[in-house]
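Each structure below appears as structure tokens.
Next come two complexes, and both contain chain A; in the first it sits with chain B, in the second with chain C.
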Partner chain A sequence: MKIERALPLLTVTLAIIIAWYLACVPMNAVLTTNKIVTAGGGWWNTLAFSWNEIRPVLPSPHQVVREIWNTVFAVEPWSNKSLLFHLWVTLSSTLVGFVMGGLLGILLAIGIVHVGSLEKSLMPWVIASQTIPILAIAPMLIVVLGKTGLPDIFTKATISAYLCFFPVTIGMVKGLRSPDVMQQDLMRTYNASASQTLWKLRLPASLPFLFASLKVSVAIALTGAIVAELPTGAVAGIGARLLNGSYYGQTLQIWAALFVAAFAAATLVWLLGGLERSSLKRMGAHS
Partner chain B sequence: MSGAVILARELGLTFQTGDGAVEALSNINLDIREGEFVSLIGPSGCGKTTLLRAIANLETPSSGTLQVNGMSAEQARLARAYGYVFQAPALLPWRKVKDNVALPLEVMGLDDVAGRVARNLELVNLKGFEEKFPWQLSGGMQQRVSIARALAFDPKLLLMDEPFGALDEIVRDKLNQQLLELWDRTKKTIIFVTHSIPEAVFLSTEIVVMSPRPGRIIDVIESDLPQQRNLDIRETPAFLKIAHRVRAGLKAGHSYED
Partner chain C sequence: MTRAIAIFMAAIVCASLVALSFSGANPPTGQDWALSLAFVITSWMAAWSFSWIADLTLPENLSQFLVPALFGVGVVAAWQVYVHASHIPVVLLPAPSQIAAKFASALPTLGADFVQTILRAVIPGWLMGCGAGFLTALVCDKYDFLKRGLLPLGNLVAALPIVGVAPILVMWFGFDWPSKAAMVVVMTFFPMLINTLAGLSAAGNMERDLLNSYAANWPTTLLKLRLPAAMPFIFNALKINSTLAMIGAIVAEFFGTPIVGMGFRMSTEVGRQGLDMVWAEIAMAAMTGSFFYGCLALLERKVTFWHPSYRR
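Moving on to the complex of A and B:
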């Protein structure tokens, strides 16, 4: 990355870190005031105690980094103390849900674009499905799906899919309709069938829209998988770590899990971005 | 030259729009014989593109009869009787030149794709550009690719809707010359929509002059220019005489406006 591009990002990152360190002082005051006074006060003691509480209200950045280091690199990756193990549990259902949701989203969009009545009959349901808070519907889905005897991963993946099909449907409806009238007329002059028009014109034209949607979806799918772990009382997964941390007031554990989840989501989006660039390049995109 | 490729009798086409019905075509009678190069010329809104689209079965006439190769326009489209060149190249940007030309062949399931693509790209002087993507070509080259694509499945009828309208005059002159050579080599029947008088006179064996509101034919001019033409012919008295008649027709069509 060139320095001109990195500089703005670094500046913002630095500003956030400084604000974070400063915020630790008032946030942890309830725990640290007495200790600071006992130790004799002064700004050095204030910072030393605010930034190094064992169970802080707001942990300082270096505490979070140390916690991530301890739970990612300093333990066996398959032990249940390892965040990597928990991340894998969440990530595997994220990916299954992402594939399910992506396929559902594409199929719905193909249906909506080809059958006029489907747009009128399905679209309101598609939109309504997203207005229900996932926290409300997740426990019910878990109960219902739990009865089917399917593996747990599918229950969690279903909730991911429920959340992440939506951007794909919306993006793909737009993408499949993106070929202009002239290109559609062209296929008509060839007496092309609907499926030939779909495969040779609509789907290739919709690819940029698909990738934009998938990048949104994959991040939502991860959120869905984490949310799905909360009401199940799951013992493993990022969601379980968050829940566990909040039960026992382990803020460090929560923050470490959050950062690892965010890093995983960013990595997934970045991977899709790479796939997007290479696919579109093969399809003649320039610049 | 024999057999009517296009036969229109009392053809009418009315569009229903937000502010009432628009009579795009009215009482069109037209015969086009095989092997002719026919230009439809007229100002904007005269229905020349609509007539071409009706022949291609992209619009449906409201009245009268229209036959293409002795069939209805729809049957002719289903039989893939014509190649259509649009105002813009309408190439698929994700396909290389050769794959764009191969598109109709894939849709129609024809064999010898590579051979047909090579032959037609050679016909429009684009040999060597097979592996380029559309954005790597100039506007004139892109439109030549779209002509090669229209010819790829060897239809006898070529419908062209102001194909060179967006190009500058120098490129347009060159492409007109090339189109005449192509017509001479392939013996296609060509119906060519334009609003340029020199283009129409230079290219055509027959010029159909149209006028707007309602869209109708006001003159059909048989050209007596020789089949073999080059651009210098535009300076000859015979050429200017035909051009004058076209201009007079266009003027007459406008006379009861303004």
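Moving on to the complex of A and C:
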């Protein structure tokens, strides 16, 4: 990374971390004031107590890092205490939902592009489907779907899929229509059928749009899977860790789960970005 | 035309046949679920071919609004028929008529929830979050160093599962509406920041050069050229945020709440198997969301009348 890009980023990140450490002092004052006075006061005691509370209002960065270390590397990955185990529970339904939603989105887009009346009747409802705060009602849907006797992972994946398909549909409709008139005319002079035009022209042309949509989709799929775990007193998963942490006041547990989820989301997006770069390169795109 | 009518007739016949062959057993058997799937597909075919016929027969200016409306009516009608035909328990899926009846009878409760969640948490939070994001974007625009530092972070945060912050905010701001409003602020801030920054760089070089040659200073360029050019992006963020705001407020209520609010009502009614009330809340949320979206779309049309997508 070039210095003129890295320097501002590092400065801002450093400023955030310093502000975080400083904020720990007033935020944790409720818990620490008495201890500091008994210990004799002074700035050293103030910092020592504010940054090392067991159940802080705002944990300091190094506490969060230590908690992540303890729950990721210091325990066996398949035990109930391991964050990796919970992350896997959430990620598995995220990925199933992502694949379901992605396929549904692509199929809908192909239908919309090829059948005129489908666009008129379906497109407004595809858009309207997103004005329902689905994430907010996800827990209810989980309870209801749970009663139908389907496996747990599938019900959570349904929520992720519902969230996923919309960006993919919108992006793919745009992408499948992106070849210009000249190229379409060329296909017509070759007497290409609709499916040949789709495979040889429209789908390759839509790849950049597909990847842009998929990156958005995978992030909201993870969010969907986490929220879907909130009700029903879920036993495993990142969402269950958050809920447990908030019930028992385990602030460190909440923060650690949040950071691990954030890390997972960033990794998923980064992986898709890598896939995008390599596949577009093979198709001859200039970067 | 004949093809559309043929598909419509065939779909109606198949859907009725499926509807008549439900066993009506409680709990529903595996065969009933297969039939349900068949019913969904056939009735969707019927609604689609029906709107196709409407599309072919109606004049262009009418069909634009009527076709999606007819499709929606078809879906609701199929839902009603399905609930009656399959004898599906109310705890799984109430009929639209039951939901409408509950909506009418529970209006005072729904009103109280609306005030608590929408008026106290969503709207103030949405205004504050969007406002703060917008102002931060302006500051970033003025100081390029800050922009190069904040933009990558903003892009990263936008991809993170921010709803997870809800338990922390509930711990900090208490059970009542301030924590929900704070949640909405956190959720709406970054989309607004990113979109405004993208919008501010949308003005063309030619126009910028023109203002430069007029010796226009930063505020003038901003007001006369770059903010108007950024409006499509800003409205995009406002629309995204209107949905995010509802989600944030309702999800934050799952982590602790006074005994009023849409999220609270939904989670308790699910526990009491009052699914008709849950669906009434969902209907209210959907109507509020669509209303917001519609208002923003109208306003956008007024403000960005010059944009290619609105030109005729």
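Everything below uses one rule, namely that the second predicted complex is superposed on the first by the 274 of 287 C-alpha atoms of A that agree within 3 Å, B and C clash if a C-alpha of one lies under 4 Å from a C-alpha of the other, contacts with A are read in each partner's own complex, and residues count from 1 in each chain.
Here is the rule we use: a contact is a pair of C-beta atoms (placed from the backbone, for glycine too) under 8 Å apart; a residue touches a chain by one contact, two chains touch by 3 or more.
Note that this is a predicted model, so its numbers are computed, not measured.
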Fit or clash between chain C and chain B when superposed on chain A: fit
Which of chain B and chain C A:30 touches, first, second, both or neither: neither
Which superposed partner A:284 touches (first chain B, second chain C, both, neither): first
First (chain B), second (chain C), both or neither touched by A:54: neither
Touched partner set for A:192, first chain B, second chain C, both or neither: first
Partner chain in contact with A:125 - chain B first, chain C second, else both or neither: second
Which of chain B and chain C A:182 touches, first, second, both or neither: first
Touched partner set for A:204, first chain B, second chain C, both or neither: first
Of chain B and chain C, the chain that contacts the larger number of chain A residues: C
Shortest CA-CA distance between chain B and chain C [superposed frame, angstrom]: 9
Doubly contacted chain A residues - partners chain C and chain B: none
Chain A contact footprint on chain C (complex, rising order): 4, 28, 33, 47-48, 51-52, 55-56, 63-64, 67-68, 70-72, 75, 91-93, 145-150, 152-153, 156, 158-168, 170-172, 243, 246-247, 249-251, 254-256, 262-263, 266-267, 270, 275, 278, 282, 285-286, 289-290, 292-293
In the complex, chain B residues that touch chain A: 56, 58, 77-78, 80, 82-84, 86-88, 90, 92-96, 103-104, 106-108, 133-135
In the complex with chain C, residue positions of chain A that touch it: 4-5, 8-13, 57, 116-118, 120-125, 128, 130-133, 135-137, 139-140, 143-144, 147-148, 215, 219, 222-223, 226-227, 230-231, 238, 242-243, 245-246, 249, 251, 254-255, 257-258, 261-262, 265-266, 269
Residues of chain A defined as touching chain B within the complex: 180, 182-183, 185-192, 196, 200-201, 204-205, 207, 283-286
